[in-house]
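Consider the two complexes below, in which subunit A is the common component and subunit B and subunit C are the respective partners.
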Partner chain A sequence: MPKMRRSLLGYLPEESPIFSLHPVTKVLFLLVVSAYPMLTQLPEANLAGSLFMLALFKAAKVDLSVIKGYKMAFVNLFFVIAIAYTFFGGYRPEYTVLLRLGPIRVCWENLRWAILVYLQLVLAILVIIFFLSTMRERDVVVGLRTLRLPFVVCYLAGLSLRSIGLSIIDFFTIREAEKARALDLAELPFSEKVKKFGLYIVPLVGLAIRRAEEVSNALDSRAFRFSGLFKGGKRTDYIPKKYKIRGADVALIAIMFAFLAAIVFVNYQYGWLRAENSLLYRVRFG
Partner chain B sequence: MPVIRMENFGWRYEGQERWALRGVNLSVEQGEFVAIVGPNDSGKSTLVMAMNGLIPNNYYGVIEGSVVVKGMDTREHPVADIARHVGFVFSDPESQFLSMTVEEEVVFGLENIGLDVDEIRERVEWSLGLAHIPMDYLEKPPYELSGGQKQRVAIASILAMRPEIIILDEPTSMLDPVGKTEVIEVLREMRRSYNATIIVVEHRMEDIAPLADRFILVHDGRVLRDAPPREFFDDIDFLLEHGVFPPEPMVFVSELRKMGLYDGPIPLTLEEAISASREALSGLRGR
Partner chain C sequence: MPSAKSVWEVEPGEVRKPGTVHIAIMALLIGVGAVAGTFGSLSVPLGYGVTGFWPGVAVQAVGSIWFGMWGVLAGFLFPFISNSLAGAPLYVSFAYLPSNLLQGIIPAWAFKFFKADPRLTKGSDYLHYIIWGVVVNNLAGAAWAVTALQWFGLITVESVPLFFSGWTIGNGVPSLIFGIILLKALSPLVVRHRSFVKGWWA
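Right, the complex of A and B next:
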């Protein structure tokens, strides 16, 4: 069993190459790679981006079952987008109607947009899952501090990310408590699930408020100031000083920015990444 | 000069009719080990939160009198200022963790007070050693340690700041018996090798009695008794009437005293209780 390190979303083996990178490289990776699906409409490019991300998951030794946990979310996301585009995507006479359901027309052009947007979102979600699976709160704080962001911004970002993990733990605790008293939402029909949702939400919100109070007391009791300053001096950055930016970090950051610049250039100069260049636009019906 | 002075102190939480504390007059000297006991909801936590400024700074309510800590009036100084002199360990170890590794947790307060990197490194080693936490735990998430280890990490993070006063609010209340023993052992070690003022709210009186210089009984928002341990436990019935349950060996010896079989002081340790019982038994044989 390899030694594992905790990440924001689970565990990562210590031998993962991701640990040899400086946190600033990982934070910049998130910023640059999440910009990619926003700049790229071309579904083939986003699909390639998703495959690239899956390869990165493998290379970073992230347990792929993390993604499997989001399987239903990916499926639901597609249906939500497809339904939204079908109902609110509009209609023009030149549209190809695939199906009529009473007054509702299911058009290929709307469905095509749904596929485009879906693939953009899938890539964005994979980037976020990768980020959370490979980062620790400390990496976020160190990464942002290296970028010279104010201490309060860095610390709040780290604390907010950690609160997601804490809320998930609280949720499971509440679920176990509900199960122990013979209430298992998984066993109930959908309508009952919705009705009983409050039984989870109310204690979850209550716990979140209590945690906020406890964290606030703990911060104050350890001389924390949001300004990062104390009487007569500046807060020490002990943890960030433990990290060194190496050649591999510089090379990766350079590649990421070059890639971003290239994407912006080809998109705005030649329009190669626009939706109209997709194979989906060559599909004809009838 | 006392390090903590409370004069006619009272506190009522916003929205409550009852005063959580009222008419409290206390002073704590440098280097004293003070144990605070009392039944649930008697005002013990409010009392210690007033000693590090969390009350009145972080809670809404009505205040009476004053609390002066190391010359700082808690109404006029933020908790962050007072925290440089007063460390506070909460009862729930998880609620005080602010980071995802033991190292960050211990270092957090030290970064806040702006120590240099070498000093931080030295203090991390010292405080973890005192709290019996191995150095190879630095990379571990504190959430994944055992209850006792979690509380010892919390104590180490406070010790690292080397405050002159350390307050522990029921540090063993959420731990299993093994965890409780581990934490008490750290308290013993702190008493032995760290010359700070230690204030503990604790129900395990049998462990604290041999360590404490003073016991304070808080009941219904008032300080009912404030005395050295032997004097404090001398009237066991009074303590029982006010919701405090002294260790059983003390109650046993107190009963022997009532029966006229023993007339010495109330024992603070099991060993003392055994020798008091022997004394009582030898008296019986002589009759």
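Right, the complex of A and C next:
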């Protein structure tokens, strides 16, 4: 059994090559690579990007069951987009009608646009799942600190991510307490379950207010003071000193930015990544 | 027991300035909001992070009423995390930022401007919450969100009513139910807590 390290979305084996990268590379990966699908309409390019992301998951030794956990999100998104574009996609006389369902015309032009949007979103979602699967709370803080963001912002990011974990623990404690009082959640209808989960906000917020007092006292006792975003005194950054930016980090960051610049250039100069250049636009019916 | 008007009034000699407690409360609200928001985004999804039931909006509205700009900022930031965890692309989360800002800042402004009591002691306090914390803020948020989705080419003009109503109802119902419960249950405690914000920052 390989040794595992916790990430924001699960666990990652210690021998994953992702751990040899500096956290700032991973933070920049999210910010830069997320822009690729936004700038690219060409479905073939987004499909290639998605396949590349899957290869990256494999290379980083990320458990692919993480993606399976998002299966319903992908399926749901497909249906929502398909319905939004086929039933609410509008109609023009030049459109090719594939199917008539009463007053509704299912047109190829709308369906084609739905496929384009879906593939764009699949790539964007894979990028975010990869980021969450390979980042730890500490990585986010170190990455932001390396980008020279103010200490208070980095501290806030770290504490916020930590508090998600604490809220989830509180959430399960509340559920266990309810189960101990003989509440059978499995027997509740869906609407009741949704209402019940929503009501957990009250104790969760109450616990957060109580915890804020403890955190604030801990900060005060360590002589931390809120003096604005940029005015705070200089403090030693212990954890970021443990990380080194290596040649591989510099090369990867350069490649990411170069690729982004190339996408912007070919898109605005030549329009190669526009939807009209897709094979889907060559499909003709009748 | 302080009068309803006195909740927002700074007492003579009272010194109020932002402190570590506000940083802590903001971070912890982001955590609670992210959990509530992720649950909502996954429970009745309509796509692109829009959901038919989003309890996170109650944290946005109520947190902003209690903690001023700290609550507004928390409500502005946590959907970023909850949308990401629920599988919404980063640029869609960016596009929603103004919506999330409006959903918090409108009720916070209204409660201060109209001197409404967050403990909901009078009928007018309920009315102010329903108008500004349930209806106006969510209509404004939905208007921006569908504009942004359409601007990105993710939805068609014809599907705007579907997403607009999904956002407004999906936010309005939990905002009404959980917001009022939160205000009634926790405001008496919060208004006496040092994290309570009478102005915008302290």
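Note that the second predicted complex is superposed on the first by the 206 of 286 C-alpha atoms of A that agree within 3 Å, B and C clash if a C-alpha of one lies under 4 Å from a C-alpha of the other, contacts with A are read in each partner's own complex, and residues count from 1 in each chain.
One rule holds for everything that comes next: a residue touches a chain if its C-beta (ideal position, glycine included) is under 8 Å from a C-beta of that chain, and two chains touch if they have at least 3 such contacts.
Treat the numbers as computed from the prediction; the structure is a model and nothing was measured.
In the superposition on chain A, A:S216 contacts both subunit B and subunit C. When subunit B and subunit C are set side by side, the one touching more residues of subunit A is C. Of the two partner chains placed around the shared chain by superposition, subunit C is the only one that A:V80 touches, whereas subunit B remains out of contact.
In the overlay built on the shared chain, the residue A:K234 is in contact with subunit B alone; subunit C does not reach it.
Once chain A of one complex is fitted onto chain A of the other, the partner contacts of A:I125 are limited to subunit C, with no touch recorded for subunit B.
By the touch criterion stated above, A:R5 is placed in contact with subunit B alone, subunit C being left untouched.
In the superposition on chain A, A:E15 makes contact with neither subunit B nor subunit C. Shared-chain residue A:R225: touches subunit B and subunit C both. Of the two partner chains placed by the overlay, neither subunit B nor subunit C lies in contact with A:E187. By the touch criterion defined above, A:R162 lies against subunit B and subunit C together after alignment on the C-alpha atoms of chain A. Shared interface residues of subunit A, touching subunit B in one complex and subunit C in the other, are 159, 162, 211, 215-216, 219-220, 224-225. Touching subunit A in their complex are the following residues of subunit B: 52, 54, 57-58, 78-81, 83-84, 87-88, 90, 92, 95-101, 103-104, 107-117, 120, 139, 141, 144, 157-158, 161. Across the complex, subunit C is touched by residues 9, 30-31, 34-35, 37-38, 41, 70, 73-74, 76-77, 80-81, 84-85, 88-90, 110, 117, 121, 124-125, 127-129, 132, 152, 155-156, 159-168, 171, 194-195, 197-202, 204-206, 208-209, 211-213, 215-216, 219-220, 224-226 of subunit A. Contact residues on subunit C toward subunit A in their complex (touch as defined above): 18-32, 34-36, 39-40, 42-48, 53, 55, 58-59, 62-63, 77-78, 81, 84-92, 152-159, 162-163, 174, 177-178, 181-182, 185-186, 189-190, 193, 195.
Listing the residues of subunit A that touch subunit B in their complex gives 5-6, 136-138, 159, 162, 211, 214-225, 230-239, 241.
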